[in-house]
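Order as written gives the chain letters A, B, C, D and E; numbering starts at 1 within each chain.
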Amino acid sequence: MSEALIDITNHKPAARETLLSAQGLCFDARGQRLIDSVNLEVATGRCTVIMGANGSGKSLLLRLLHGLITPSAGTINWRGGSLDHVARLQQAMVFQRPVMLRRSVAANLRFALKVRGVHGAERKTREAEALALAKLENLKDKPARVLSGGEQQRLAMARALISTPALLFLDEPTASLDPASSLAIERLIETARENGTTIVLVTHDAGQARRLGDDLLFLHNGQIAEAGPVTRILEAPQSEAAQAWLGGRIFVPDNPKSETI
Amino acid sequence: MDSFSGILMEAIELILSWDSDVIEIIMLSLRVTLCAVLLACVIGLPLGAIVGAFRFPMRTGVVVVMNTLMGLPPVVVGLLVYLMLSASGPMGVLGLLYTPTAMIIAQTILVTPIVAALTRQVIEDLNLEYSEQFASLGVRPIERIFALLWDARYSLLTVALAGFGRAVAEVGAVIIVGGNINHVTRVMTTTIALETSKGNLQLALALGLILLLIAVVVNILLMAIRGTAARAAYV
Amino acid sequence: AQDDFIIVQSTTSTQNSGLFDYMLPMFQKETGIEVRVVAVGTGQAIKNAANGDGDVLFVHAKASEEQFVADGDGVERSDVMYNDFVIVGPPSDPAGVAGMSDVAAAMVKISDAGAAFASRGDDSGTHKAELRLWKDAGVDVAAASGGWYRETGSGMGGTLNTGTGMDAYIMTDRATWISFGNKGDYQIAVEGDAKMFNQYGIILVNPEKHSNVKAEQGQKFIDWVLSEAGQAVIADYKIDGQQLFFPNAK
Amino acid sequence: MDSFSGILMEAIELILSWDSDVIEIIMLSLRVTLCAVLLACVIGLPLGAIVGAFRFPMRTGVVVVMNTLMGLPPVVVGLLVYLMLSASGPMGVLGLLYTPTAMIIAQTILVTPIVAALTRQVIEDLNLEYSEQFASLGVRPIERIFALLWDARYSLLTVALAGFGRAVAEVGAVIIVGGNINHVTRVMTTTIALETSKGNLQLALALGLILLLIAVVVNILLMAIRGTAARAAYV
Amino acid sequence: MSEALIDITNHKPAARETLLSAQGLCFDARGQRLIDSVNLEVATGRCTVIMGANGSGKSLLLRLLHGLITPSAGTINWRGGSLDHVARLQQAMVFQRPVMLRRSVAANLRFALKVRGVHGAERKTREAEALALAKLENLKDKPARVLSGGEQQRLAMARALISTPALLFLDEPTASLDPASSLAIERLIETARENGTTIVLVTHDAGQARRLGDDLLFLHNGQIAEAGPVTRILEAPQSEAAQAWLGGRIFVPDNPKSETI
């Protein structure tokens, strides 16, 4: 599993087992094609970043790949087979807008464990670990729904990680986190990768994409405009869409111009 | 005929003069009603939750049937249960006709659709929020039903109270299958109907007031439980 | 014993008069048998008994009772007691029938005046007797239904409540009337005609048809009601000093 | 006595032999029920929404009262309305007793608490989500009530159907204030009760089936309206 | 109102009319003091930035100042008077988690106008303007709740601006926006200021704070740890809390180190 770490640095797509793949994936709603003929492969152990403008279909694509919504056309393969309930149990997702059960913070974590049949002492240990990971020990008895936006996002992350998934979908997991928490979450993601978890990450933060990602899919109007290694695309985008998006680079956070108006 | 307020006054006086017969009737009313509501919840809550949480063929049809059955006429339910339990009916050998058990059966049939249909709505609304998260967590159908019911429990309390209201006030079905037999199957509502037919309107109204008082007490108890629990855990 | 009881299918008018509350404890004291009374409409009582959901039928609709026995649902019919029907009316007496004893003449007057008349309209013994009286008087009430002739489709008590509320004349059995609590200022307008005779009968449900019928206890009850002791109890039952039923067992 | 299924068969046959008297009764049933449900919604929806959306002193008390009144015994309501409308009562001069209007009044009193109490719960749940956004927008109380009712309209449909179910099946109150007078105030439920007391169980069951069919039709119509609208605008 | 722009560059608190002020503001829930003795003044025309770690009480403070929750202690003054319904109508807020009515995008905007009694032709014009501002013209007939996260945030912004508030509270308004949309929203904020709107902005983005803010309040555990001009605090924080927070500067987006791990 430590091989995964090597990939972070050399960013080359390695020839390895395909964990999840999609062919000709489409999704229509209200007579509109929102996801349009997407083909992709997610290799075991890698971190695939999905970027694109608001409304380009990133969240929809994640929901399709996670099997939450049914594609209008196309197929999804999980380890070469179909995406069934058993497959779903090996995946987890942090939603863009976390959904908190009307229970305490701890009970939200406990629920994820119960579903996977983890009981007794092990449940207690893992619950405590997850609380510590997300720095939510002090809040563990609070109703989850009164947590602040960032705290909820951290809880959602902990709830997804607690089931040690093979594949983790992350939809802007650090959008409302303060810098220190963002750092902590990025560290958590790295740790998960070291433990063998494959990551699919949606983010608007080019810095984060560079720090965490191997491959990048650039979505535009529901289509993949460009796909390839993260650094290559961010530095030399070939598609018009990606070029235009990065043309707004004055607002890509690592540009010093962003500080003067 | 006395004046309107005069009759109310007399009703209140009648309440104050407690009576062992009245207590017997109240206890039977409570027993029958609470058993029926409990049974209706045991059946109706999961049923409503299943229909509220899952998509399946003919689902709209099931919803329509559930909503329609909220309008089951008590007399019809009474007759059907009577025909089932009658000595010449298929379950006659059980000898349940004219017993409190028969009344519980009839009321359960009446109240279950109400509990189920209203639960369906509550759970459907909650499921709209939860469903993708549950699917993502890999929650199995049964766990999902329980989790939805649990998280909606405070809203479902009102549903159960609606069922209780229907059961406690019901007379048409219980009088047919219970027979309103003194000391055996006489409950508050059948007594009220009897006294009304005797022209003892004051007494009937007094009993009606007592019935409402009982309902108030049950409601306050449940709200108190809810209140305490809500303060501790709910948002 | 706990289940040493019989079920008597009877009518609301008998129950509402309070007779059972007076009579049954005495029977139970003597025999140890508890009598459970199901008081419903006459038609329903007969139907219930025909289904075997009762041990004894105690109603007042002679023709139907005899049919019940003829159908093999009952063993034998015996007269128990009688009372009489009366027509009660509002003090304003819009048809001017107060004090009359010729029921046919009174009914014609009511019809001619178009004064409201509330009928039970429920095929009960009382209703059937009333229809017979209209027929004797030569009045076609079916045509007037919904007009001055109002079929309430309710039991005796309900019809009295409704009828007094609409200032209508109502035919009722005397027992129910005496014990009725919502008389207002109503009074008996027409009484005393021999045609307004109201006979009660008692029948044991046929145990050969319905094996669950408790024939022995049921017969005991019938025997007691028909016995001198039982008949005396019926004669003794009074409200406000008025006797409600007149025993006439043979 | 025929067998259980035999009676059901006979009931179905009776339904097929349509009859003008039956149609008259059905139309009156529908008129009384729909008017009462409409009135109950006009009163109960805003009332429930107000209690669901705002905090005020004694609110819990009001909620308890609303929940309790779901258990108003029909006979008691019938008696109270009877005493109000009777010639010697305070509103006797109106001459409403034994008219369909009286039945509508009684049913409205019965159904309004059901609509109000269930609406309260639905609106309270929605308000939990909306209240701060509304406060921020400076929405005035009245607009707030309307906006909440509007946005919850699909859930409230079930509430209205619960009220409809209660009203369409109700007999105890309407028979007292309507008098079940043939050709004047005779409706389905009072007819069923009457036929039952006559021992015409087949006919009673047949009428019960017709009543349920009517309820099905009303439900399907409303679900169809909902379905179309939902596809166009709702999430 | 163009004076406001000058302030952006010289960042000096000018002596001007106080629009909103709070004295000894506290808020308790579940026996915990979540906001603790906050004093602050918001001057007309300025942009006050509130920063602080997740759970430090930023959102709670906004809700208190906006009058959505009642303080356990302390007072709030609006233009020297109390914070009543009339005052609220002059304020608007973009929530951290936008609340969308179960209506179309256009109807959500229309609702805000209706509440303020804007009808007829004017409503139509302003609705169209707002849709254009938030680039939501194409989506105007969609149910607001199916919009993507970023689209909802833009709609919430448009709904708040449509009432031309005197004071606008913004709770992480660009958290889930792509860089181009973030730029557009920042432009909108500047335009609003030029039109005289006072801004109170919560953000985790130091670059954004610098670009938009005049004054900064640094919150820590519900207390104001430090207050002053934005640049001064970001460059030379004096409180321990702010120092620690900025000590995570490896993750403040404008640090080049953030790109290498």
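Remarks
One rule holds for everything that comes next: a residue touches a chain if its C-beta (ideal position, glycine included) is under 8 Å from a C-beta of that chain, and two chains touch if they have at least 3 such contacts.
Protein names from UniProt, one per chain: A, E = Tungstate transport system ATP-binding protein; B, D = Tungstate transport system permease protein.
Quick caveat, the model's predicted, so the values are computed rather than measured.
The set of chains in contact with chain C as well as chain E comprises D.
Chain geometry summary: the mean Cα position of chain A and that of chain D are 50 Å apart. Averaged C-alpha coordinates put the centre of chain A at 82 Å from the centre of chain C.
Averaging C-alpha coordinates per chain places the centre of chain B 17 Å away from that of chain D. Counting partner chains per residue, chain B shows two or more touched chains at residues 1, 86, 88-89, 196, 201. Residues of chain E in contact with at least two other chains: 146.
Residues of chain C in contact with at least two other chains: 40, 48, 51, 155, 158, 161, 184. The set of touching chain pairs reads A-B, A-E, B-C, B-D, C-D, D-E, using the touch definition from the header. Interface residues of chain A, counted against chain E in their complex, comprise 8, 29-30, 52-55, 58-59, 96-97, 139, 142, 146-151, 154, 172, 175-183, 190, 204-207, 210-211, 245, 248-254, 256, 258-259, 261. Residues 1, 4, 7, 60, 63-65, 67-76, 79-80, 83-84, 86, 88-90, 113-114, 117-118, 120-122, 125, 155, 158-159, 161-162, 164-166, 168-169, 171-172, 176, 188-189, 192-193, 196, 201, 204-205, 208-209, 211-212, 215-216, 219-220, 223, 227 of chain D are the ones that touch chain B when the two sit in their complex.
On the side of chain D, the complex with chain C involves touching residues 1, 82, 86-88, 97-98, 175-176, 179-184, 186, 190-191, 193-194, 196-201. Residue ranges on chain C touching chain B, taken from their complex, read 7, 12, 15-16, 21, 36-40, 48, 51-53, 155-158, 160-161, 179-184, 210, 212.
Residues of chain B that touch chain A in their complex: 129-130, 132-133, 135-140, 143, 147, 151, 233-235.
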